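A, B, C, D, E and F are the chain letters, set down in written order, and residue numbers restart from 1 in every chain.
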Amino acid sequence: MIYITRRERFNAAHRLFRQDYSDEKNYEVFGKCSNPNWHGHNYELFVTLKGEVNPETGFLVNLKTLSKLIREQVITKLDHKNINLEVDFMQGKLSSTENLAVGIWSELEQGVKLLNAELHCIKVSESENNFAEYFGN
Amino acid sequence: MIYITRRERFNAAHRLFRQDYSDEKNYEVFGKCSNPNWHGHNYELFVTLKGEVNPETGFLVNLKTLSKLIREQVITKLDHKNINLEVDFMQGKLSSTENLAVGIWSELEQGVKLLNAELHCIKVSESENNFAEYFGN
Amino acid sequence: MIYITRRERFNAAHRLFRQDYSDEKNYEVFGKCSNPNWHGHNYELFVTLKGEVNPETGFLVNLKTLSKLIREQVITKLDHKNINLEVDFMQGKLSSTENLAVGIWSELEQGVKLLNAELHCIKVSESENNFAEYFGN
Amino acid sequence: MIYITRRERFNAAHRLFRQDYSDEKNYEVFGKCSNPNWHGHNYELFVTLKGEVNPETGFLVNLKTLSKLIREQVITKLDHKNINLEVDFMQGKLSSTENLAVGIWSELEQGVKLLNAELHCIKVSESENNFAEYFGN
Amino acid sequence: MIYITRRERFNAAHRLFRQDYSDEKNYEVFGKCSNPNWHGHNYELFVTLKGEVNPETGFLVNLKTLSKLIREQVITKLDHKNINLEVDFMQGKLSSTENLAVGIWSELEQGVKLLNAELHCIKVSESENNFAEYFGN
Amino acid sequence: MIYITRRERFNAAHRLFRQDYSDEKNYEVFGKCSNPNWHGHNYELFVTLKGEVNPETGFLVNLKTLSKLIREQVITKLDHKNINLEVDFMQGKLSSTENLAVGIWSELEQGVKLLNAELHCIKVSESENNFAEYFGN
């Protein structure tokens, strides 16, 4: 069993807030992250797969293939977008780093299986000080 | 003559576009950076001062004092804000990294003089691959 | 189950030695880390929590709350301090990276529970080449 | 139980290809990594051990001892070498990051046991975007 | 006058040696970098331009345009290549970081002028510890 | 004219204070950096030389030779030391980053000349947020 990880990046705007909260309540709970005019981040996404090395290629999965999958399924939806307004798999969810990790897992799980590997971890880094990891359950 | 540099960080949303351009023209010139729903970055700001070391303290300027100046004059205006909509010194300007560097220079130049030092360089990094530097003229 | 990590930093002096060893023996076992005049590091501390996402906030724990806890319980005790002489939870222990990780775990375990999360990992990095991790048992 | 990690680095040339493939087939499977004239990387190697802290020293293993082991058993064989042509433990294997991680595990497993610790993970990073991890089975 | 920098990366094999030296002499002068079987690096290239901000766009040069120029003129020639054997602008030259910086300058100088900017600096980083910079004379 | 830079690292303890100040005055001026029990840092040192490329070697200076010079003249004096108590070239000086940069310049200037190059810049980084640069006058 081997684990491989591919890093991809996306730059996006977002806002943490609940529509059923007042502006004051949103500020109390989410602080400056609730700014109604949005803010944004350079997100880093680390996708880790696990499985057996293919003896024919020496790869678990060709990382170029994995990169292509991540870009098509996830990065094109997120990069230079507004996570709250424009990302289908985040609709109706708070755009926290935790929820982003869970949402990206769902977007990639099937595609990774078709590569004969298993999705092991989605890590989303929002800044040099903060990140979330999701292992699928 | 010694040079000292302090790094500060801010997370902000922005959009590159001209109101006198159509959406198509904006996309042609600015690409996905023109997204009307905004995107954002983790910006890094490097402020470099030059001057003589004060023999009493061994400092050009106490970096805590410099950090306080940068936070009060610049970071509070930019962090978790929308650069196009909310930042006074960027009003009427395209929110490019180049213009941010020039704008931040103007915000800091006087305050640095009061610290008995000279502003040497403003470097603004928008991503791990892109940055702009301004030396005051 | 989600995992979130907050990075905090502290700069401290320390020395690796045993009082029951001679200077020669200390040098033999701990090398230049036994220098009686101390040396120091920019330590990086990564605190990882696990638990369920709160559907009300999208957070496991608000990272600002976690940061405040780490600063109050750990960083104020370590930052710009001498680990051997001034840090209560390291008294009577060798100030190795391993022992620091275990000691910080004990300082944070109760506070994390009060945040409705579980402490998962304490990672202490002493340099770009060396780090220790502790998972609680 | 504590985990410690030492990072070491090596710069090496390699090529991904199979002798039983034509040049066209190699290019189809391995892309530009199959270049017959070789290419290369600055590899980063992270070696993680687990075990009990020695109460006499506060160490799981002295990281200088671990560094010496890694350099003698692995780095001297890989650094400034051609992985395909010159590295004994990679002979007859595709020089993928996955296979490197497995091969380095075998080189270090016995030596780590003699240090009274257990090898936990070999992580090999080929670039800032790609890495492989092996946990021994 | 503003300065902008774009980072691009390439992975390449090379060897430092002179054909008019014996193997022993090559080893004496170039050490393990003279290995006849090659070694390699993850190179980082930083290209800095200077000039006036275009008031129409807020850019000195659109960094996407600059990235495209660097990739077409330089990266496609170097990435996953053998610098000694395959890179036209390095033929007959020692493949040192210094010479790479000078060679890449020549490849980019004209193209940058056509973008209405001036090439200011080529920085080539061979490892986290070593880099060379060339300013054109 | 080419510029080359070598990075070296050292871990040291220090304290910012004046003997002619009271403890209170030292704390007022230098803050927690005046802690009488010391604190410490992982310092990074970047040494930049300038000069002509030697056509025989393609080098300005062999970076291994430069590394050896820096280690012998500077790093052995600073690494795992107390800068205030043990470093000859810092005696009688405040151990600020600014003074370290100037002091290291003096230690290296003659040795670099013997390598047929000119010392261009000493950059000392005390943390990821703070650094000083000295260009010799």
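Worth pointing out:
By definition in this document, a residue touches a chain if its C-beta (ideal position, glycine included) is under 8 Å from a C-beta of that chain, and two chains touch if they have at least 3 such contacts.
Just so we're clear, the structure is a prediction, and the values are computed from it rather than from any experiment.
Path length between chain A and chain F in the touching-chain graph (shortest route): 2.
Listed here as common contacts of chain E and chain F: B.
Hopping across touching chains, the smallest step count from chain A to chain D is 1. The chain pair with more C-beta contacts between its two chains, of A-C and C-F, is C-F.
At the interface between chain A and chain B, over half of the residue numbers appear on both sides, which makes the contact a same-residue one.
Counted by residue number, the contact pairs of E-F are over half the same as those of A-D, the matching pair from A-D, C-F or A-B. Seen from the Cα centre of chain A, the chain whose own Cα centre is farthest off is F. Our note on geometry: chain B versus chain C, Cα centroid distance of 34 Å, whole angstroms. Computed from the mean C-alpha positions, the centre of chain B lies at a distance of 42 Å from the centre of chain D.
Once the centre of each chain is set as its mean CA position, chain C and chain D turn out to be 29 Å apart.
Residue positions of chain E with contacts to 2 or more other chains are 128. Listed by label, the pairs of touching chains are A-B, A-C, A-D, B-E, B-F, C-D, C-F, D-E, E-F. Partner chain A is touched in their complex by these residues of chain D: 16, 18, 29-31, 93-99, 101-102, 128-135, 137. Considering their complex, residues 1-8, 53, 56-60, 62-64, 67 of chain F touch chain E. Listed in rising order, the residues of chain B touching chain A in the complex are 9, 11-14, 32-33, 35, 37-42, 79-82, 85-86, 127-128.
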